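Just below is one structure, and these are the notes that go with it.
All chains are identified by letter, namely A, B, C, D and E, in their written order; residue positions are counted from 1 within each chain.
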Amino acid sequence: MATTTLTPAKELLSGNEAIARGALENGIRVATGYPGTPSTEILETLARYDAEHYVSWSPNEKVALDVGVGGALAGSRTLVTMKHVGLNVAADTLMSVAYTGVRAALVIVTADDPGVHSSQNEQDNRIYARFAEIPLLEPSDSQEAKDFVQQACEISERFDTPVLLRSTTRLSHTKGMVSLGPIAPPPVLGYERNLAKNVLVPSNARVRHEKVLERSARLREFAEESSLNRWERGSNAVGVITSGMAYQYVKEVLPEASILKLGLIHPLPLDLLRKFAASVQRLLVVEELEPVIEEQLKAAGIAVEGKEFFPRLGEFSPERVRQGFQKAGVLPSPPKNMEPEKGLAVQENLFRPPALCPGCPHSVPYLVLKKLNALVVGDIGCYTLAVYEPLAAIETTLAMGCSIGMAVGLQKGGDGARPIVATIGDSTFFHSGIPPLIDALYNNARITVLILDNQTTAMTGGQEHAGTGKNIRGEKVRTIEIAKLCKALGVEHVQGVDPYDVAAVFRTLKSAINHDGVSVVITNRPCVVSPVTIRTTPYAVNGKECDACQICMNLGCPAIVWTEEIHQGQHKVTIDARTCMGCAVCALLCPTEAIVALANDPARRAV
Amino acid sequence: MESPATQNVLIVGVGGQGVLLASDILGTVCLGRGYQVKKSEVHGMAKRGGVVYSHVRYGTQVLSPTIEPGTSDVLLAFEPAEALRWSKYVKPTGTVIVNTQKRIPPAACQDRRPDALTRYPRGIEQALRSQIEDVRRFDAETLAFELGDLRMCNTVLLGALSRVCEFSAEEWLAAIEKSVKPRTAELNRRAFLAGRSVEFPCAEEPQAEELVFEKREAARDEAPFIEIRQNWCKGCEICVRVCPQNCLVMNGSKLAEVAKAETCIRCMLCEWLCPDLAVSVH
Amino acid sequence: MEKMTKPVQLLQGNAACARAAIAAGCRFYGGYPISPSSEIAETMAKLLPRVGGKFIQMEDEIASLAAVIGASLAGMKAMTATSGPGFSLMQEHIGFACYTEVPCVVVDVMRGGPSTGLPTSPSQADVMQARWGTHGDHPAIALCASSPGEVYELTVRAFNLAERLRTPVILLLDEVVAHMYEKVDLGRLAGLPVEDRRKPKGAPGKLEAYAAGEDGVPAMAPFGEGYRYHVTGLAHDSRGYPTQDPAVVETTQRRLQRKVDRCRKEIVSYELLQCEDAEVIVFAYGIVAAAARQAVRQARQRGIRAGLFRAITLWPFPGEELAAAVKQAKRIVVAEMNLGQMTGEVERAVGKKKTVKTCLKANGEAITPDEIFSALQAEDACHA
Amino acid sequence: MLDIQKYLRLEMFPHMLCPGCGHGIVLGALLRAIHSLKLSQDEVVVVSGIGCSSRLSGYVDFDTLHTTHGRPLAFATGIKMARPELTVIVITGDGDGLSIGGNHLIHAARRNVGLTCLLLNNEIYGMTGGQAAPTTPLGKISTTGPTGPFETPFDSCRLVEAAGASFVARGITYEPATLEKLIVAAIQNPGFSFLEIISDCPEFFGRFNRMGNPADQILAQKQNVVDAKTAATLPPERLKGKMLTGILHHEPRPEYAASYQESIAQMGAQAR
Amino acid sequence: MDRYEIRLSGEGGQGLVLAGAILAEALGIQCGKHVAYTQSYGPESRGGGCRSDLVVSDQPIDYPICSQLDLLLCLTQKACDKYWVHLKEGGLLIVDSTRVTRLPSGSFEVCSVPILRTASVKLGREVVANMVCLGVIANLSGLIPREALQKALLERIPKGTEQINQRALEAGYGLTGALTPAMAHAPLP
């Protein structure tokens, strides 16, 4: 982990840490964002540095970008971070700030997730750059990640444009060596009143659109010259156009090829590309996800190959890139693999899906909702994991904050056969749950909104938010109370419940479901792993008493597993004291005296 | 084709086992030597009982942050099934170091019906050995526990790893000290040394067993039959609520009804907890 | 043991009661100490185990009668003994025994009341309690002895009636009778017949526990012998199962009444002394009847044509018998150690044409022969 | 598998208890316990008092005695004395057993007469419509304690143990298998065995105190209990407000009816 | 013999209940007469007073309670003060000479003898005063043959105490030895 006090010349930094470092070295004064894997650590790293810069979590990406735009207009270099889908939320602002331009630099980090490691889709945000007509930079290792921040700032200010800096999960989460530079104090340019530029009334907007196109033209010229794009000469048999992480794989797999490594993805240096194309016998584009470069090249009349060999789906890896080159005939085909089928069967059966943590306060509400036969409209957060067996309670998950609005629609358009419950986390509620709740109230929906308030942004590792009473730096700030907020909006039925009290959860949810109108239930237990671990005395199974009814296993708690001992055809269970958090819910459910608290934690011994 | 100097170490385990800290320490050791290092992992599910892995590559030049299958020099597995899952990444001449303590995921036990597969296999050791010659298995957790804290398991495993890497014990210990909380530095040091001093094979090897996912056997030949005497049932909902298999539902007359008899595991809770004695499981 | 076999013994009333109970087959006694009945318990505690019976001192009178009913259900003839305050506590279970038709004998040694009253002084103020102390309708059988020898006889009879009719039978004594010693000829009394409850015929099986024949008395199976039936104090049907069906409830109520009514002749007993030509007849029972007997002799010596009707069975009230006995008499003097509890019954029985006077005393002292003699002489009632 | 119907008076079903009444669960556990002890139906007597719980005696095919309010132990004492060979089980409620019948309870315990007393505690008077019981917890609503009683409730197990019972245990209806085992152990103890069973009254206690439906209530039971074996290892702060379950006291001593029988034999008399 | 009423009175511990029972046994069982024997009970006995009453008759006894005493024995002043009024005309009052010092006067005969002192000093056991009483009563009343009384005594007393009780009985006879039954009715010196 990077530390602030000692600054050696080189450090092992993840892509995200490197971006943060880049921001510090380049005088970023305002940094905002909303947590989202794989972007989260950028702001977290920034917040750990004790400097003048302002770092904050915003309730959502659009707000973060708005703050960022303001920061830039005020004359401070600004960094706004989010995951790929976050940019959809911020897209409204993005599309227009592209018109107004910035005063100081506005760098927007979009962290894409090829392979969908931790997201709801694998959209390719390079397309946003074309859409908004703004530049997009794509580093391919930690060093570049840092360096590109500087470039991005300079481009942003030179061309008066917001700049997208695209990372991917692999880049963000790979640690590599980074040479460190001095941390620069952030300058402030000061605000400048400019109504024609900053007020997008139609008459101004029409003018600004023109300016955007002019800017694009200048940017294209810049691209041809920029050091961001690098021609690595090699064999002229094959030329490869690539960028980002794919570049590393290409280098690994096909080190002898000529490579045009693009750092500036939009706009493309078409002249340079033509020259490169002309220099090689065969031209391939190796890009993760969408054929963004490939199609532009084809549109420009440059003959390239790409997506016919390299998949549009999923994350690249050296072997996938190798397979692509093999498919393209660039590399010899491998001998037939030995017994791939057997290997596959083993992989399929080696079952270890992610699950809600031991002691997770979300488990019981979903256990209950399933029993209540509710149509559970999910949202984005850890609780999405309740879609898996055994909880298997969630029936839809779409995007941040969708649950409440969808619930309204499901109710209004539905047959009323099942109660409709939107489940949403505290952070997601602040992100984009409030307007749809207003909609539900305004339009008199008959839905229940279950706000799973675990007092953190758990899925991304425990970030603070408006409801936690602390800011990103851990300083005490105002708490926005969800219950009060709901009541203020006009929700008549607002109830809190302890999610570890199974009976209370049943009781509360049932009464909420029976309420004719919008009802809100708010759970009150904190996440047991983030931001701090809450571990009490673990529980254990007294095998003698266990009747193998498996009711405890319905919680899906990872600490509870089968033993070899069989009772009436069923496995008895045991609790892994190493992972048990001591929430006691399984003990509450156990219909015998089998699950008991341990006086002494067997996982730890006095040292 | 790849740089002969590049070394690949794949560290795998289950969320919460300390895989990432272990790979951080390895990265720091490499950095100390002035090597190029890349260390790649995916966060997010790490704390959620899911699969956790970290690719560590070091040498004079490192390009791809991830390791290609069949090219890893070492696989350091915190869990046997994870060792099996990632074993294809290891060179046949490579080394597998594996902690023998199993972490059976509940999902592997979720299907409670007869004939269902338990999705955690037997015979992992045998399967590993059939692919890689140098398999070093030991109970790192017990060793850690005996040292005073189960969580030292990752450091114990690093100790075992240190025997197959080129770095000296001093280099490792310096990196460990840098990476852990001062409070636990001494314990970590002892854990590392304990792991380092393990000689392989360290214990009796288990009997060779074919890799197999076991099928559950039915307790009885005939399938369970749930009988609900509707005229006795008063609709209190208890049976519906307690059934772990969700076999029962409340019907339109607000009485209990069998919905999914086939999932019944004959746990008897519905019969035992029916206050109206209206339910019998045959 | 030797004493038990000696034919003529000097016996206390309470001891005679205990001896008689054992002779009648009683093998269970549950009780709680209370003056002036305690010697019954003491004697039972000593004697019962010698005949294989069980004695238990319970925590109160309520529990005592409960245990008695339990033991009776389990097949043992059973009894308890108490005095006024304890008798009050037993009322609920007397009702229970009536309704569930469990034979048992309750001895009430009457003492001065109300409340704790006069624990060691005689009284006859529980006679109405014996009839109406419980709630609800049911027949009552109460016998009253006036000497230790009679205590013995009536105890045996109480058991016989209880067993024959499956109902609790109350034996009323008073402090004087209970505590006095008299010669009792056990040899003669040993010959008294003993009756046992009728058990169901045939092997155990499904038993309609409260189905009765002509006599209205269902056969009674002891617990633990395979008949497996239900006993409840709730209104129940012939199976013993609770019911609220008015027809069934009414049928049961009437049967309970009828089974006693039809045996009335066998139950009712009394003693007449010189009533044939009497102008004035004393109605008395218990120890008062002893005083009355002396008073009647005194009166006859003085030329007054006096007679005595001594009620032995108090409930069912020997009304018809009394009416027949006093046919020729002009006046009836009711002498009792209370404020006239039986007087109303007597008035009802003899009709309005007869003058009914009273000789009452409720101060803890026994009515003396002189007091009754005065009443016989006087036109007006003598309130001693 | 046991067909519980063998032990029932089928013609009495469905029983009269309210939907979700915990007492029915106890009935099942009791029958399974009797079955597992291989007791013949002819050697079991079930005695009960008055109240919802006490209605159970009517539904089982043994010799059964439904007595008066609070007195079943006294009746049962008579039965056990008369026939010590019988297994006499007393079913009573918290009002029946602890209020009106409290005296009988402590004396039965003291006497150590061989009865198995199941006290079904639903913390309220159910049969009469939800009045305060001697077990109603502080602050809980009843019709005669509309703002919650100010009286401290009984801990019946401690009471009975102090009174000298040789076996004292507590179970909950949510643990039917454990309950069965406790009943078996209680019956096997030769002396007076007391088993308090925490049961639910959804109709009154649950409704008045907003505890949800029967299923909610039964699930809530474990919130308030800790089993005694575990409790012994836990620090006091973790036991605060919790009731102990399991066998709380077991110290066999001579059983009353058997001792009496023996003394009869010593006198050379023949019993019955 | 017609109805004859005897009352033994004194205080608790003086054994008068047993004395009454022996008397009843002797008269009823040994002599074949009708007897009705009653005692005082309860608080009265605990409060110090003790009384046992005996009605004897050749005919069946109608009324078992004493009201006109033929013989009254008083071992305390209190008993004497309380009961002497029930003495029949011509009845016999026997008192302990040490405890009863204020003698009532009336148309009855009084016999004052040192019963208690005889038991404590002469026999060394005050508890046998009741047997001394029996001797006195038997001797003065002439109701009971000596053998009947002795037999009844053996019937009722605890085993092992026969000798001392017999000696006490004899002492009772001896105390009033000079007085014949006939003389009993004469006032004593």
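Keep in mind that, in the parts below, contacts are C-beta pairs under 8 Å (C-beta built on N, C-alpha and C of every residue); 3 or more make two chains touch, one makes a residue touch a chain.
What you see is a predicted model, and the numbers here were worked out from it, not measured in a lab.
S.K.: Can you list every chain that touches chain A and also touches chain D?
M.R.: The shared contacts of chain A and chain D, listed by label, come to B.
S.K.: Under the document's definition of touching, what chains do chain A and chain C have as common neighbours?
M.R.: D
S.K.: Would you mind checking which pair of chains has the most C-beta pairs in contact?
M.R.: A-B
S.K.: By mean C-alpha position, what chain is farthest away from chain E?
M.R.: A
S.K.: Per-chain Cα mean versus the mean over all protein Cα atoms: which chain has them closest together?
M.R.: The most central chain, going by mean C-alpha position, is D.
S.K.: Whole-Å distance, chain C centre to chain D centre, using C-alpha means?
M.R.: Once rounded, the distance between the two centres reads 37 Å.
S.K.: Centroid of chain D to centroid of chain E, CA atoms only: how many Å?
M.R.: 60
S.K.: Calculate how many whole Å lie between the centre of chain B and the centre of chain E, each centre taken as the average of the chain's C-alpha atoms.
M.R.: 103
S.K.: Spell out, as numbers or ranges, the residues of chain A touching 2 or more other chains.
M.R.: 506, 547, 591
S.K.: What parts of chain D, by residue number, touch at least two of the other chains?
M.R.: In chain D, 174, 176-177, 213, 215, 218-219 touch at least two other chains.
S.K.: Which pairs of chains touch each other in this structure?
M.R.: Pairs satisfying the touch definition: A-B, A-D, B-D, C-D, C-E.
S.K.: Give every residue of chain D touching chain B within the complex, in rising order.
M.R.: Its residues touching chain B are 1, 3-5, 8, 13-15, 17-25, 27-29, 32, 173-174, 176-177, 202, 213-215, 218-219.
S.K.: Touching residues of chain C toward chain E in the complex: what are they?
M.R.: Residues 8-10, 35-36, 119-120, 147, 175-176, 179-183, 287, 290-291, 293-294, 297, 366, 368-370.
S.K.: Spell out the part of chain D that touches chain C in their complex, as residue ranges.
M.R.: Checking each residue of chain D against chain C gives 9, 11-12, 41-43, 45, 47, 50, 57-58, 61-68, 71, 73-83, 85-86, 103-104, 107, 257, 260, 263-264, 267, 269-272.
S.K.: Can you list the chain A residues touching chain D in their complex?
M.R.: Residues of chain A touching chain D: 501-504, 506-507, 510, 537, 545, 547, 587-593, 596-600.
S.K.: Which of the residues in chain D end up touching chain A in this complex?
M.R.: Where chain D meets chain A, its residues are 174-178, 210-213, 215-220, 222-223, 226-227, 229-230, 233-235, 238, 245-246.
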